[in-house]
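What follows is chain A paired twice: with chain B in the first complex and chain C in the second.
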Partner chain A sequence: MPYHEFDCSKCLPERKKHAVTKGTGDNLATALPLGYLNTIPGSISERGCAYCGAKHVIGTPMKDVIHMSHGPVGCTYDTWQTKRYISDNNNFQLKYTFATDVREKHIVFGAEGLLKQNIIEAFKACPDIKRMTIYQTCATALIGDDINAVAAEVMEEMPDVDIFTCNSPGFGGPSQSGGHHKINIAWINDKVGNVEPEITSDYVINYVGEYNIQGDQEVMLDYFTRMGIQVLSTFTGNGTYDGLRAMHRAHLNVLECARSAEYICNELRVRYGIPRLDIDGFGFEPLSQSLRKIGMFFGIEDRAEKIIAEETARWKPELDWYKERLKGKKVCLWPGGSKLWHWAHAIEEEMGVKVVSVYTKFGHQGDMEKGIARCGEDALAIDDPNELEGLEALEKLQPDIIFTGKRPGEVAKKVRVPYLNAHAYHNGPYKGFEGWVRFARDIYNGIYSPMHQLSGLDISKDEIPTDRGFVTQRMLSDAKLPEEIAKSESLRRYTGKDDIIADLRKKNPPYFTPIVKAEAAE
Partner chain B sequence: MTKITYKVTSEHPFPADAAAAAASLAAYEALDDVTKARVDQMVDWIMKNCLWQFHSRAWDRKRQNEGILGIAAKLLAGEPFTPETPEDRCYWVDSVTLQRAYQATCPWLATMSKDDIKALMKELHARIDYLTVTGSLNEELTDKHY
Partner chain C sequence: MNCQFKPKDRIGTINPIFTCQPAGAQYASIGIKDCIGIVHGGQGCVMFVRLLISQHLKESFEIASSSVHEDGAVFGALDRVEEAVDVLLMRYPHVKVVPIITTCSTEVIGDDVDGVVTKLQEELLDVKYPDREVHLIPIHCPSFVGSMVTGYDVAVRDFVKHFSKKDKPSLKINLITGWVNPGDVKELKHLLAEMQVEANVLFEIESFDSPLMPDKSAVSHGSTTIAELTATADAQGTIALNRYEGGQAATWLQTRWDVPAVIGPTPIGIRNTDTFLRNVNDMTGKPIPESLVKERGVALDAITDLAHMFLADKKVAIYGNPDLVLGLAEYCLDLGMKPVLLLLGDENAGYEKDPRIAAIKENVDYPMEIITNADLFELEDRIKNGLELDLILGHSKGRFVAIDYNIPMLRVGFPTYDRAGLYRYPVVGYAGATWLAEQMANTLFNDMEVKKNREWILNVW
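Up next, the complex of A and B:
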């Protein structure tokens, strides 16, 4: 096994099996790191907890719901700052954060009364919202608070509300992935099948494992709608609580992020006979193939082809403008879980970059199998890295840019490696044809940022050149390009708008909450 | 000072069937060079462009591989296939995708007889089963639950 041992982790010998280099001739039977195990003590992991995975990744993107953390107020930290799963009801689920604010006295005397009081107060404060999810945290799980019993009591007293309880305290797994699993299973056990939806199309899907990061879901919804497909529910970005209770009536589950949501797809297949189709929403070719497959399933492939032709004609010249300027650039693909395999091959093929490393914070070995299968030779694959390993890898690999979360990303900046936010994006959405061009633009802007170039000069000791002016991005990126490409009239930079979601919402198909109504409700 | 080490042990002993893995690898290595190169090319396309081979459990992967590669073998051999159930239909769309990709990227397929194509697809199936199931290093494949 081509394990890679980091110098900084020699004092943690168990870490050696968590990193491999994919050498010439290696395959999945010869190169695969361990994964989804408890973090080794002494290794400062970048993982989140099982509560975070259940609530902040999967639960909270549901848009018409009061999301209540039963625990200390600090557990809600991630809601405001780092999440960008927007919604078309004026971002209710992002703007309002609820916690029961458990204190020391509640740990001693119990917090069930506090929870009930909070539930009722929250419903009264938000009279238009009739749905709630309650998330158990470490503290309240350890004292044995019965959140199911409290929820049942409130539902009896307030018959117009419905409450979902999620028992995924922070310690409930090696990482946030434990929480993904728990909330998937809890939702299908407790809520799916409780609502009968109105079916408005012959072609009905659940769009699963999609979290509407900066509008990803709305871009894909637009394609599906143009194909005449009814999206019964989205699990869970921009999704509705009651829509997700009706998942059992779909004809097909279209699965995007298998890491976080394959469990519910598998269960829907076993319990309701709804097949699971895994797709890629990123990259022109993978997305085209995905739309074709969905079209083929329903016998409407021609509708998919029409969209593919229109979108490719509109956006391919812009993607290729960036590809010419990104060729050969080295990237570290260091996201949380699924993007390492969604992006690994597509960015090499369609943007010309070279993936020199993939890592996953909370992925399982199955994610690494997909990532390693899709990346090229010599890529360094790391499971659950710590900060020092990340720094050592950056020094060794000398990437031109990394795609990762904001915390490791800020660390990378300090060693002068530009980073793009792989979780929440810089200027997304990145899904869809236009979104993929936006991603390419962000990569270009990161690598060729004039500010980044200037940051290499230390005014306290370096000689500052005064004989030349400011070097622009274009001067940097085009310096070595052949003239016919640099001045090509068939290629062009991104010409879309800053906000591409507003126009989609103006189309106002029936499944969108009308904007006027949502704003009036504020 | 006593060195503290932390033992990481899997709940799922692996590989589940070492004999099957060894037999599968030996069969692949015994292939002639042309067949091996063709199988490798076909495997590479699946690995780079598909996701269906990576369901989370061994039994599920076997089911997927059999479903999709079985139909793809028929389609590539020019035999008709009509999906009867939603599950069949789901396999079929991935099989058609595979058929189109192979016909576009493997020009040598056009020179092969039906029987040779079926034999090649059988080798491909065995290789995919090896890489994703019997020879896979993924320790979660034998978990009893999803």
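Up next, the complex of A and C:
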């Protein structure tokens, strides 16, 4: 294996097998780091906990639910207002978070009574909301509170409410990924099959592993609806609690983020015989292939092709404007889990950048397999990176931009590498055809910020150009472009609006009439 | 009495005002030079606090985790602390101070962190790092006790307890700032410099606002040294500006080393800054110089253009860290405003005896509430039920209350991630008094224009 040993980690021999450099001719059989093992204490890893994996990543995007954490307030506070998973019900799930506020006396005497009071109180405070998820935390798991029993008792007393319980305390596993798994399994065990949906189309899917970051889900939902497909539920972005209880009636599970949600798809296949189709909403080609695959499954390829043709014609000239200017730019693709393989190949092919490194905080070896398979030669692949390794990699690779989280982005800033938020995006959504152009635009604006150029100058010793009061991004990006491209009439910069989700929401309701019925009526 | 002082009625918390104890200890730890803390618990207890701090300051800070997994929770996780200390020391050769901050999980399972520190001293530090100065400091922060405010208070006390040692008397004073911003520390140091007073500043966090350098060398970190912490025992006296964030450390220094302590007031507003300077004068004998008389005059000149014309009678709700909230409330009263609701996000037995709360209860002549153990739903619920407000003062976590109910809000406190650069400006001192009055006014002006509420008033001013 072409393992990469970081200088800063020479004293930690076990780290050596967690990074590889993909050489010429290497594939995932010959270049694959270890993954998803216990974190080395004190290494300043970037991993989170199983509670946040369950509550923060998967649970909370459900929009019509009281999300209550059973524990001290910290877990709730810390996982509140750090994400951009919006919803079309005025963002209830972003705005409200609930903690049972466990204190020392409860640790000593138990907190089940406290939990029950909290549940009743929360439903009273939010009279329009009739659904709740209760998340176990480290403290209440360790004292052995039976949250299931309390939930059952309340449901008995309050027949109009429904409560889901998620037992995923923070210490459960090496990273947030343990929590993804637990909440997937708990949901199918406890809630799927409890609600019978109204079926309005011949083509019915669940959209799984999609969290509606800045409206991603709503963009994709638009395509599915234009194909006449009924989306029973989204797991979980912009999803409803009762919609997700009806998952068993879909004909197909369309899976986006396999890292966080393949578990429920696999169980739906085993228990209800619903096939799983992995798709990809990022990138013109992967997205087109995805819509085609769904079309083929239902025998409605023509509807997919119509959308692909329309959207490509509208947005490809804009994507290509950026591609010409991003060619060869070096990118560190350092997300949490699945984006390393969702994006690696697609950004190289469609934006012309070169992915010089991929990493994953909580991905499993399967994610690395896909990531390695999809990234180019010489890419440095790192599992569970830590602060010093990240800095060493940035120094060695000298990327033009890095896609990562907010805090690591601040680290990159200090070594003069601009960052894009890979988890929450800058000016998303990034899914869909237009979204992909918005991503390209954010990358372009990051790399060619005139400010970024200025930050490299040392005014005490460098030559300071005094002949200009400004430069534009174009002056930087087009300096070395062939004239026919720089002045091309067929390419253009992004022309969309600031907020593209507001218009999508206005398409509702006539827009949601299934095409299949409309055709039948004709 | 017009002012009601009581805990909130509900038992649970909807939209908390504070996070838990370990966050406070972590915020204190990054103020010390060559210090990287290890939080003993699940990884989220660090990862999210680092994110929170980086959201507020737009910088990244190094804090480690002992990464307790399931086996540790069942069988005990002290081996994770032992490994974490060694890994950290191996890879960060500059690190000298390692607070070991416990969390709810490791307090519940009863890990003996104090014992493991003794063990590590003998078996690791003396053996593997005999020539290196390393301080391992247990800090107990069960999340089910207190709040991030008490966590900060406990950590400052424990750092001082660990390091302070008598040598020879010094003319310096100890300035314990409480949980503040880089801009506050800059202003406080400026005031002391004008008074020609030297101080051990706990903590020197002006450097949190670090540059982006062409040679990529800058790192954001506090710069209070071990020498300064040690010398706290020799100081002429301690001024702890915040009763609940550093008060314990000041009291401890007085009890253990006979260093006289003055606790409070939080120098927010003209009056409290005056008192602070008088306290410095009393402690050091250094006169208040003409330069500060002038600075005070500049501030009053600016504030006089605003107070009785625009700010008087405006009804304000304030939430956040208790010393900040009470300091702001006092200043608002001095400005002629009406703080009608103060929300303190925890239950601290000290609130009952706080002279500021007693004075407010005694003197306000309009209906007012001070709610302890409060959450942000207390604010929202009152607005829904008819509480009229002209202004909210508080941190970013309450942003949706302001947005959804169209109430102008000035971000103040921690965290203020939804506004640019606020950590750079002081709320303390004369500069802070000016900044607060002007920002409150501008926030109201902007709201008048957005709502077309007598927006023509500012045609002439």
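Quick notes on this structure:
What we mean here is this: the second predicted complex is superposed on the first by the 494 of 522 C-alpha atoms of A that agree within 3 Å, B and C clash if a C-alpha of one lies under 4 Å from a C-alpha of the other, contacts with A are read in each partner's own complex, and residues count from 1 in each chain.
Simple rule for what comes next: a contact is a pair of C-beta atoms (placed from the backbone, for glycine too) under 8 Å apart; a residue touches a chain by one contact, two chains touch by 3 or more.
In this text the structure is predicted, and so the values were computed from the model without any measurement.
In the superposed model, A:99 makes contact with chain C only, not with chain B.
Applying the stated contact rule after C-alpha superposition, one finds that A:48 touches chain C and leaves chain B untouched. In the superposition on chain A, contact is made by A:73 with chain C only, not with chain B.
In the superposed model, A:415 makes contact with chain C only, not with chain B. By the touch criterion stated above, A:143 is placed in contact with chain C alone, chain B being left untouched. The wider contact with chain A, measured as residues touched, comes from C rather than the other of chain B and chain C. In the superposed model, A:170 makes contact with chain C only, not with chain B. Once chain A of one complex is fitted onto chain A of the other, the partner contacts of A:275 are limited to chain B, with no touch recorded for chain C. Of the two partner chains, chain B and chain C are each touched by A:40. In the superposition on chain A, the residues of chain A contacting both chain B and chain C are 38, 40-41. Within the complex, the chain B residues that touch chain A are 4-8, 10, 21, 25, 47-49, 51-52, 54-56, 60, 86-87, 89-90, 92-94, 96-97, 130-132, 135-140, 146. Here chain A touches chain C in the complex through residues 8-9, 11-12, 38-52, 68, 71-82, 91, 94-104, 106-107, 114, 117-118, 121-122, 125, 137-139, 141-143, 169-176, 387-388, 405-408, 410-411, 413-416, 455-458, 462, going by the rule given at the top. Residues of chain C that touch chain A in their complex: 10-16, 18-23, 36, 38, 41-45, 47-52, 54-55, 58-60, 62-70, 72-73, 80-81, 83-88, 90-92, 103-105, 108-109, 142-145, 147-148, 210, 212, 214-216, 218-220, 377, 381, 396-397, 399-400, 404. Chain A makes touch with chain B in their complex at residues 1, 13-14, 17, 27-29, 32, 34, 36-38, 40-41, 251-252, 258, 262-263, 266-267, 269, 273-280, 285-286, 289, 292-294, 296-297, 341, 345, 364-366, 369-370, 373-374.
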